[in-house]
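Input: structures, listed below.
What follows is a pair of complexes built around chain A, which joins chain B in one and chain C in the other.
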Partner chain A sequence: MEQFAPVRRSKDGQPVRYLIVDDSVFARKNLARMIESFGGQVASEAGDGLTAITEYDRTSPDIVLMDITMPQMEGIEAAEKIVQQHPEARIVMVSSVGYQENIVAALQRGARHFVQKPVKPDVLYEVIKYVLGDDAAVTNAAGAGA
Partner chain B sequence: MSTGRDERMAELREIFFESAQELLQALNDEALKLEKEPGDAEIVRTIRRIVHTLKGDAAACGYRELSELAHDMEDVLALQTASAHTSLPQVAFTAADVFGAILTAYRRRVKVPSTEPLRKMIHAMAEYAGNVPAPKKKLAGNKTSRSKTPATRDSAGNRREESRVPARARLAAWNEYEKLAIQKALRQGKKLYHVLADIDLDCGMPIAGRQLVQVALSAIGEILAIRPEAGASQAERLVEFAVASDQTAEQIAARCQVPTVISKVTVGLIADATGAKDPNFAIPHPIATFTSESAAKLEHSPASQPLSESEDDQQPTTPSHMASLADNILRVDAERIDNVLNLVGELIIGKSMLQQTLNDFAKRFPKDHMRGKFADAMALQGRVLNDLQRSVMKIRMVPVEQLFRRFPRLIRDVGRQCGKQVELVISGQHTDLDKSILDAIAEPITHLIRNAVSHGIESAEERQRAGKSPNGTIRLQAYHQANQVVVEVRDDGQGINAERVKTRAVEQGMITAEAAAQLSESEILDLIFQPGLSTAEQITEVSGRGVGMDVVQSVLRRLKGTVEVETNPGRGTAFRLKLPLTLAIIKALLFRVEHRLYAIALSSVAEIARTIESEIHQVDNREILQLRNQVLPMVRLGRLPVGADHGSHKIFVLVITSGDKKFGLIVDQLEGEQELVIKALDDHAISTDLVSGASIMGDGRVVMILNLSAVVEHFSRSRFKSSGVLGSGMLLSHEERSPLGPIDRGAQA
Partner chain C sequence: MKMELIQPFINAADAVLAQGLQCTTSIANLSMEEEAYRRKGIAALVWLTGDIEGRIILDLDPETAVRVASRMAGGELPESDELVRETVFELANQVIGNAITSLNDQGFHFRVHPPVLHTSEEGSRSSEDTEALVMCFETISGKIFMNIALRYTGRRHPDRAAVAG
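Our next item is the complex of A and B:
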């Protein structure tokens, strides 16, 4: 089966670690699968913004995939809070077309990128590579750290 | 494509169905809340969020109809005026129903039912708000189909290119303020670039895309001007920037090359410190142009090929994909757990075999030092086995909330049909119960609640006349009691009129008038569970209860539970379903009747008494025993002893509580306590309902498990018929009974 060329962290050749934030279990599973097909690793999941913040603190992921509409605390606020605490945080907003203004707001508050729901794996893959920039490298299937 | 992929898709869809069901439940819940607090913005937001999630999930699974319908609904909910609309709760209810129907259709792979009613409602709301979402929907549809068709996408790059050619030369007219800023930057010796970025046609969010470029540019320089100006709402696909930066054009272009968002970037040097100072610059030469490389890559990326007919979100993943998911929830077929439970059951039988052998060993070699070691090992094994059993049971346990959550909507609907306002108060929803038991009681409880609303609770006028609040209340609660879980449905309605139940039962020939006269009130109430009394609408006239009550009874009996009624004329009725925690293993008391081995659940035994035959008296056609200060009716399972000295014959009486009844079982001999693994008996293996199952002992003997509620019922029925001989010899076979039956004694009474 086709597989994306694994993206690894440049510093140690380890898999990229992700925090998935979405109130839909289904959406989380779906993203988790994609991430694994990129050779990444799900560091943690959260179903709302508040949990996202504590999970970020706990797991320090390389990338956060953040939904916009969630109970307790919405994605924008959570993204903003995380970036305030961790300016290096790479947050990718994941949402549907109807929430464009929210995405703009999130980008203004420090989110690095966005992908549109329904998420296409190839799009997400490109976005991830872009967001990681020099901090990650595409390895060959043998998995040798670049 | 390959089966591996199909399988994953199927699995993903399964997850979708499950989570969608939760979403619909939540939608129902919120709609109920909104009905109570119309116009509450927070609730409307929550509803919108639920619909939004459903939309997203459905789209990811490729379920177009559902996602589009949800999309329309979401749009309407976003409208200020519409969200305050009084019919919104109704729309939400309808949506939950229609979405549910669509899901069912998807699941069964049948045609999706008509969504017209919901569409109409949505449309009406949108019109009310002066905003028809239909064209918007069209747009969304087009967009989806465009990005979905690979053919269009292949050519898209070229077409885009062409259509942009005239626009590319465009250079914005900067306003005075911007000119000032540009001049200032130039004076400071910065290089000034004109950046023209094309937003990818596949990017559904051009404004967000523009923001992204803006963020990227501000990281490497100073953005002096943007066209179209910020706040412009139209989805402009071409964005211009004037940027002052000390980086090269190539660097800037690379920076703006945001994958999936920007398809083409052109960076031109407008002027540098040595160049023209005229801020109304001439058209710059594009010195760095990048066309989206990623767009080209996407074409042959495998994932862009449509998966079945759907928007594909799946990517092939490693086989371990499930294992590394962070939320650690495992979905397992119930059958597998049952298998494990079965094996645990076998182990328990094995344990009692060992115990038995050990006992024999101890008898034979009372001084052997190995005895102690065996005993220790047995104790350890017993403990582990206990834990194992409990752990497996726990897997099967789910909170009753799963069931209770359905009822608010039910009460609302039935209440509407009957024109009654009924509130539901739920408590103890976190009580755990075996999943199969929970599934089994869904129907009975639905029944009880339906009855409570339609018959139990009076109309508002009647209630006010009786000095009650015009709104009825139904309390649904679950709690633990000893080794059982009790689920109680309590209403504050008119109660059951026992007299009328009795009259009706006599009229229907279920009991004789004489027998009826002897019945206690609780016995009369039990009549409502008789099938005969529960068929027709006369029940409604009689007592306001009873439709399908025999169903409730039979389900409970199958589960080895009981149901009790408590009624208070004018104040309400409570039904208590008492359920075992689990079906498979019980702690049992073993006893002998006529040399046969039987068992009953230890939890139903209140006390064990020893007495002699002459203490059992006959009163009013039944055997009773005076135990301390109470008089207990007796159920004789075996036959009466015969002979002159039968009065001094020693017997055991098991004092049983079943439901709200208390009585004594006369047995010959006690065998002790043991954990029994219940094996179901086929209907053809046994011809009586008095036995509900069987089990195997450690030494291979078979023990029958007595069905207490059937025994009680049998006992009461035999009294109604006033057939002379009380429950005696209940467990005797037909042949045993006829020649030796205690007829003399009965006739004596």
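Our next item is the complex of A and C:
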């Protein structure tokens, strides 16, 4: 997989920590590989919206990558509940269902961005930099710090 | 079956496979079938209900599924039943998700049910108004079959009826 200039947290130069939420193990593994190629770290994974809420509380990730269609609790509802408890949460919806109603509903309920599957690594990389804003710094080599 | 219902699925499959496998794809076979569906390998079956009703089956043999998963993951993956099933389901989700995005933007509303494993050797026989279109996509990883049987239900919202004619 293509390697990207590592994106680190500005405040301490540490890798950005991600929570990956998707009911497909295969999709989670693919996203985890992309995150590693961005110099990030998987803080936790969840297979449904309910688990995502508890994993967010437990791990306080810098970014959540959230699928929409999942069992038990769908991604948009889970995003809303996380943002109600943690207004600073940065949630990027990642779904193959990208019609306008879904995107608008997700953004209205607290998501920061939307990426359609199949995920292009370069698109996700740019979205992550955009969503993190000044809280992220792109380093020119692994381990170079902020 | 109307071409306007089918084309989004062909476009979505082409886009998802081309991007996921980093290759060009071609449709090797395309046929209309009223006979019962005979699966080729591991098949994911997805039902749609709403303005459009019917089902889509994505079907590939286990060896092809492992090659597809390995290419999408960027490295060789060991064969397992779970990997094969996950790969077929994820492909089905992505193809159908992209297709319904296009159909929804044209004004159709419907519910997509989660994929289920199609385990029987034969599917139900198609009826006159839901005859199935069977496509075979040739990819670098092998053949991938898609079987679509959809029909309008006439429940479409009147203010959107002009969008797709």
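Note that in this section the second predicted complex is superposed on the first by the 139 of 146 C-alpha atoms of A that agree within 3 Å, B and C clash if a C-alpha of one lies under 4 Å from a C-alpha of the other, contacts with A are read in each partner's own complex, and residues count from 1 in each chain.
We adopt the following convention: a residue touches a chain if its C-beta (ideal position, glycine included) is under 8 Å from a C-beta of that chain, and two chains touch if they have at least 3 such contacts.
Keep in mind it's a predicted model, so treat the numbers as computed, not measured.
Using the contact criterion defined above for the overlaid structures, shared-chain residue A:Gln100 touches chain B and also reaches chain C. When the two complexes are overlaid on their common chain A, residue A:Ala43 makes contact with chain B while staying clear of chain C.
Annotation for chain A, partner touching more residues between chain B and chain C: B.
In the superposition on chain A, A:Phe26 makes contact with both chain B and chain C. Once the two complexes are overlaid on the shared chain, A:Ala52 sits clear of chain B and of chain C alike. When the shared chain is aligned, no partner comes close enough to touch A:Ile82: not chain B, not chain C.
Of the two partner chains, chain B is the only one touched by A:Phe4; chain C is not. After overlaying the two complexes on the shared chain, residue contacts for A:Asp122 are found with chain B alone; chain C is out of touch.
The residues of chain A shared by its contacts with chain B and with chain C are 1, 24-27, 29-30, 33, 69, 71, 96-98, 100-101, 116-118, 120. For chain C in complex with chain A, the touching residues are 16, 19-20, 69, 72-74, 82-83, 86-87, 89-90, 93-98, 100-101, 104-105, 112, 114. Note for the complex: chain B touches chain A at residues 2, 4-5, 8, 12, 15-16, 19-20, 23, 46, 48-49, 52-53, 55-57, 59-60, 71, 74-75, 78, 140, 143, 203-205, 207-208, 211-212, 215, 258-260, 294, 297-298, 301-304, 311-318, 320-321, 324-327. On the side of chain A, the complex with chain C involves touching residues 1, 24-27, 29-30, 33, 69, 71, 95-101, 116-118, 120. Contacts from chain A toward chain B in the complex involve residues 1-4, 20, 23-30, 32-34, 36-37, 41-45, 69-71, 96-98, 100-101, 103-104, 107-108, 112-123, 126-127, 129-130.
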